[in-house]
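In the two complexes below, chain A is the common chain; its partner is chain B in one and chain C in the other.
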Partner chain A sequence: MKFDTVIMGGGLSGLTCGIALAKAGQRVALVSAGQSSLHFASGSFDLMGYDAQGAPVSNPPEAIKALPEQHPYKKVGDIAALAEQAQQLLLEAGIGTTGTATANHNRLTPLGAFKPTWLTTEGYVTIDGDKLPWTKVALMNIIGYLDFPTKFIADGLRNAGADVEIKPITLPELNEARKSPTEMRATNIAKVLGNQEVVTRLAAEINAKAGDAQVVLLPAVLGIKDDKLAQLLKQQITKPLHFVATIPPSVPGTRMQALLRKRFEALGGMFLNGDKVVAGTIAGDKLHNVTTEKLEGTKLVADNFVMATGSFMSRGLVSDYKKVYEPILGVDVDYIAERPQWTQNDVFDAQPYMEFGVRTDNQLRVAKDGTTLANVYAVGQILSGNNKLKLCNGEGLDMLTALAVANTIKK
Partner chain B sequence: MENEMQLLNISEYNFEQCLKCSICTVYCPVSGVNPLYPGPKQAGPDGERYRLKDPKFFNEQLKMCLNCKRCEVACPSGVNVGDIIQKARMKYASHKPKLRDQMLANTDLVGSMATIVAPVANFFTSLGVSKEILHSVMKIDKHRTFPAYASQKFETWFKRNAQSKQDKYAKHVSFFHGCYVNYNFPQLGKDLVKIMNACGYGVHLLENEKCCGTALIANGLYDQARSQGESNMSSMRSAISKGRTIVTTSSTCTFTMRDEYHHLLDVDNHDVRDHITLATRFLWQLIDEGKLKLAFRPDFKMRVAYHTACHMERMGWVVYSTQLLRMIPGLELTMLESMCCGISGTYGFKAENYETSQKIGAPLFAAIDALKPDCVSTDCETCKWQIEMSTSVKVLNPISIIADALDVEKTIELNKNH
Partner chain C sequence: MEPKIKEYDVIVIGGGITGAGTARDCSMRGLKTLLVERLDFSYGATGRNHGLLHSGARYAVTDKESATECIQENMILRKIARHCVEETDGFFITLPEDDLAYQRTFVDACHAAGIRADIIDPEEAKRLEPSVNPTLTGAVRIPDASIDPFRLTMANIYDAQLHGAETLTYHEVTDIIINQNRVEGVRCLDHITGQTKEFRAKVTINAAGIWGALIAQKAGVTVNMFPARGALLIFGHRVNHMVINRCRKPANADILVPDDTVCVIGTTSDRVPMDTVDDMRVTPEEVEVLLREGEKLAPALASTRILRAYAGVRPLVAADNDPSGRSISRGIVCLDHETRDGLAGFITITGGKMMTYRLMAEDATNMACGKLGVDKKSETASTPLPGSEPDAPKPAKKTVAFKAAEGRHGTLTTAFSLTTDIVDDALVCECEHVSVGEVNFAINNLNVHNLVNLRRRTRVGMGTCQGELCAARAAGVMCRQHEDAANVKTDLAAFINERWKGAQPVAWGDNMAEAQLTATIYEGLCGLNQYARKEEVQ
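Right after this comes the complex of A and B.
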């Protein structure tokens, strides 16, 4: 099967690259083994929240200048321009966001902390600076829903200057769903609340409980497909309503996954869901084709290939007792040979293994046994030289490296 | 650490690989609509830890699992969640299949009785009265329209009208038609014969085809499923020894015979598995290798929405059917978002499941009704029943669409020299 580009991995980086290439008229196939870490998404996109010393960043493109030369951000070119391209790509996929690359705002985490971020999905709690614009907040707590630590969140809001009241809410449907306590997850609640009639009753319940608060905050449990029901709820609530990110699985993340895939397919992209790239045929300095678990004999042939298979959790990288390796092609990986040095004892310290990843040249092309593969690029979390937890830059790194590679391939 | 224990610690169905991320729950069609079902993570790897300690932790609610395998497709960690659940049912369930379950499961037995009296069966199943009886006595839901039984079985048609012409072709395939083609919709089988013959392939029945057994597995009739599986494997071995690929038109039969036989029933299919393939995949691969060309009627026009059946998704073969459909010049293809239609074989026919079944399918039906395509195409026959019952749109297997669009004379001409 012949394509212009084959992308391995269907998370944020793979889909971003796929959409950009398909939009440019390329025939693109994307192979994705299992669902991606978008399902843990907060609803915000981080570009660079903290610098290498741990200080909060307000202007990411400026702060990125101070990163070491081998950092992947140093290989993508104009950060602000790519960031704008990324925001536009999200919008075209049906994901409206607020924010801009050159001025971070703060998002509210599921554990009640405020962290600097670049873009936030419309409708989610954000603040500029560290003071909330409201003094009286009603925090809605769905009875029986465990993945929403209201006390932590209320504490975080109080620290930011608000008076918070936690209001338990429920509906017959939600009570029914509690029969399966382990499945009382954000995404299942979103399915239970998934029609207009239920949302209308939810609005009545919220209006009845909101009291004299200026604003209502609700865990992000609405809109697993698109944001229509969230809009409907907003219209029916007498006070401004904002969503708060929850513990995964994440409703905005699941929605983004679905919307990005839909956009990619609408542009003519071929999404091979639940299949896994297992090997490739290299001839000279080029990859000729890859094979997958499910297509067995059918080879996917392409002019260019993009590895977007993620880090350890997604198995883009694999570790064993002796080494860290990339399992599809065995391309060159940067890691520390001595295993005891992979980790630091304190779990909250920057962990060295977080920076392990595939080695790339300045165009983000990978190498095998020291030779650059002329048509194989790497994007997203599989790249070496970045600690996304420390720098708070996961989504930005995914999208900007993906767009940079798409721009190179298009040329 | 010295003996590198962890590298050796890979259990059946990758059970120990579970990260507890709950992504499987997001994609389980049942857990979102029926809170009595514990969900894939709990019913699968989490529950298995307890069941391994003490079988008393087995929960009869596991029978609510559709065996759709969407959890497995979604799992980022390669856990065979659906297999863990089915295997637990096989190992621990105490509930014995009811008469109703046995009847629904025996699609070939019930089918062959009904074909003899098809007009009568269709008449009764369309009457409200007998549906009430089916509903109250048999617990087969009265809202269901039963798939109509054809008055002539596919096999009968084939033997009378096609069989004698097949030996004249230079190349040959065997066709596993399945119960649906045989009893309910022989036209699909005829469509396949039309395409294969135009491509220069003779089509042959297996020596002794038995129902693939998917409904038997779902209804707890494992021994019967196993023995039918063994019998099919032996018929197929004999076809393979003549150099014939076994082509099929049903994604579920294909998945069952390729994967479930081995994973769940311990039927040895290692030498047969790779020779069983969907007809769309067979055709596409030949075209890709330059060994086949198809010509289509210039006046053919159709707006088609493709629905990804659960087991088609699990097999990862959607690409073959859709790429093949895209080759038809007058065909405009839209991909429907991949989700379960809710029927899951015999599941949706049971009165206790009817509501869950329709709730699961509701978003799909709404998407189809909004799109208003000329037809929906899918590789699964039970999806066809469900979608045709629940929307106003007709459903066709990709093979039937290709047969309709095919320019037979030109295709024969193009493939003469191959």
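Right after this comes the complex of A and C.
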């Protein structure tokens, strides 16, 4: 099978790149192993939350100027312009967001902490600075749902000056689901709450419990396919309603993955789900084709290839007792040779392994045995030289490197 | 300082298995007993070993006395602590690089010590234990078993409490109160409240393991201890279902024990200076030795995920006439400091092994009773521990969580599983099937101050995910009981760091992927790092 571009990896970076290329008229195949790190998503998109010293960032494009030259953000060009392109791409996929690249706002975490972020899915809590937009909050949770620690969230909101009341809610369907001890996870609850009739009764339960609060906050357990049910719920509730991110699995992340895939396929992209690239044929300084686990004997031939397979947690990078390597093509990886230096004793210190990744040139092209491969690009978390935790920039790095590569390929 | 100074018959210093067993024996004999522990129950060597219920075979050739003690206690613990023991049996295997002639010496020594030891055909050994190194040239079957030291300690503590003992964790002894060559009690720093407290007793028993050397120092007497550090690795599933030992003189990494859902290889053995006994981080060199030797017992270990590495320090004691420590015994040492040093009211119980704790406790309690003029025999060898009673009510329907909890708490499970509240059945930890009810039971009854305590009581966060999601859920449940959310968040950060301490020495392969995922969830998604404090005391 012949394509213009083959993308390895179906997470945020791979889908972003695929959508941008398909929209430009390219014939694109995307090979996805299934679950991606979107399943741990917050519902927000971080571009750059902290600088290298750990201080909160208010204007990411400005702060990015101070990053070292080898940082992947320094290879993508105009940050603000790409950020706008990314927000537009999300909107076209059905993911409405608020926020702008040049002015971070705060998101509210499942533990009640605030973190600086760039975009937040519509309907989710956003906070400008440290000041809450409301003083009297009804924080609701489903009885028996353990992945939404209300006391932690209330603690964070109270520290910011809010008067918070925690209100347990339930429905007969949820009581039934609770009988199986593992059913009370966000994605399962979203299925239980998956039709209009149940949502209408949920709205009645919320209205009955809301009291004199100015706002109702609810765990993000609604709308695994799209946000229609969330909209319906909002219409039926007498007070403003916002969702708060939960401990994984993430309903907003699962929804984003589904919507991005749908958009990619609507643009003519070919999405090979539950499969993975296992090998490639390199001729000279070019990759000619790749083979996958399931398409036995069928080679995916393309002009360009994009590696969007993620870092260690997504198995885009693999380590063993002696080394760190990229398992599909064995392309060159930046890492420290001595294993004891991969880590630091305190788990919350900057861990050196977080910056391990594939080596790229200034166009984000990978190299093998020191030779740059002219038609193989890397995007997202597989790239070396970034610590997404310390800089708080995971989604931004995924989307902006993906768009930069798509722009290069389109030329 | 508290206004009223409390008076006891006995103060036991140390919340390891020896201290717990001693507090149980003392309280069963009617003594008014207080146990003080610097950190948490089973924090020291008790929680940092193989979890092996030795048959004694390992010591049969070199130390017949220890071997005899082991097999006797082995048989006792199978009865009184049946809910903590898994009767696996074990092998001593001979490999091509070992001398097969040693097998005969070994078997004869076992028989002399009263230990069942049957030479079996290597082919039969492979059939019984498929994971064993197939190149073995000999095998001896012996009555080894696996035992859960956390459960065992808590069962002793719980029973001591039922017999009226008081037990205080996070109470560090800062001074031994001495008046005219007589120990009259201890002064403690309460690490939770920051208060200094004084407790008085007629007899004080030093059962502080390796830290007992420092306690003795505070009392102005010398106990000549030689800290022997041992590192171990836990693997992510049970490779073997019988204990596998090497049939040779005891050496590094020659015991592989199946424990619950995992297996443990160990140990290394290195003399270390006394001032390093609180540094439990495992080194890359120790990991290398354990892996290299472990694979010789069961080659499948080479391709099995390592969950974590940990180390403990054995309290080896030199004989009083041998200050150099050349002739170290693993036997029990019970010192009467009145006859030895002229210091009345003070006993040190040390040496020995985790699995001879009951006998150690009996010796120390006998000595204390002698001093107190109490004439009552120990009944610990015949009285089952709570959780191991023969008859107990059972619920009509056993949930998954009930079955898992029954493995951990035995007949005690009934205490928290007969509730009618369905919310209590919700699973906090999916790897280890720990329910909300079990967590609440531990918080209310088993001295749980933080998440690490909770892990030691229930196994939350001990499974293959090593606390990836269950830690946050458990913290949420803790928070319902303890009101201060900010403190619980700091505690959660400390818990994640404590898990990392064990994962870091083996952070490659799947472990590195898991470490990154855990960090992505807790730091990236949740911002837990905002609540972390440096230098947490666990």
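Basically, the second predicted complex is superposed on the first by the 411 of 411 C-alpha atoms of A that agree within 3 Å, B and C clash if a C-alpha of one lies under 4 Å from a C-alpha of the other, contacts with A are read in each partner's own complex, and residues count from 1 in each chain.
Keep in mind that, in the parts below, a residue touches a chain if its C-beta (ideal position, glycine included) is under 8 Å from a C-beta of that chain, and two chains touch if they have at least 3 such contacts.
None of the values given here were measured: they were computed from a predicted structure.
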Contacts of A:D320 with chain B and chain C, given as first, second, both or neither: both
Touched partner set for A:I143, first chain B, second chain C, both or neither: second
Which superposed partner A:K262 touches (first chain B, second chain C, both, neither): first
Touching partner for A:P248 - first (chain B), second (chain C), both, neither: both
Contacts of A:R178 with chain B and chain C, given as first, second, both or neither: both
Which superposed partner A:N273 touches (first chain B, second chain C, both, neither): first
Which superposed partner A:T360 touches (first chain B, second chain C, both, neither): neither
Touched partner set for A:N106, first chain B, second chain C, both or neither: neither
Partner chain in contact with A:T117 - chain B first, chain C second, else both or neither: neither
Touching both chain C and chain B, counted on chain A across the two superposed complexes: 37, 40, 178-179, 182, 248, 313, 315, 320-321
Sites on chain C touched by chain A in the complex: 281, 284, 291, 399-401, 422-423, 425-428, 430, 435-436, 469, 472-473, 475-477, 479-480, 485-486, 488-489, 492-493, 496-497, 499-501, 504, 507-509, 512-517, 519-521, 523-532, 534
Residues of chain A touching chain C in the complex: 37, 40-42, 109-115, 143-144, 146-147, 149-152, 154-155, 175, 178-179, 181-182, 184, 245, 247-248, 311-313, 315, 318-321, 339-340, 342-343, 345-348, 351, 353-354, 388-389, 392, 394
Residue ranges of chain A touching chain B (in the complex, touch as defined): 1, 29, 33-37, 39-40, 176-180, 182-183, 185, 187-188, 191-192, 194, 225, 248-249, 254, 258, 262, 265, 270, 272-275, 292-298, 313-315, 320-321
Footprint of chain A on chain B - complex, ascending: 1, 4, 6-7, 19, 21-23, 25-27, 31-33, 35-39, 41-42, 46, 72-78, 274, 285, 288, 313-319, 322-323, 335, 337-338, 363
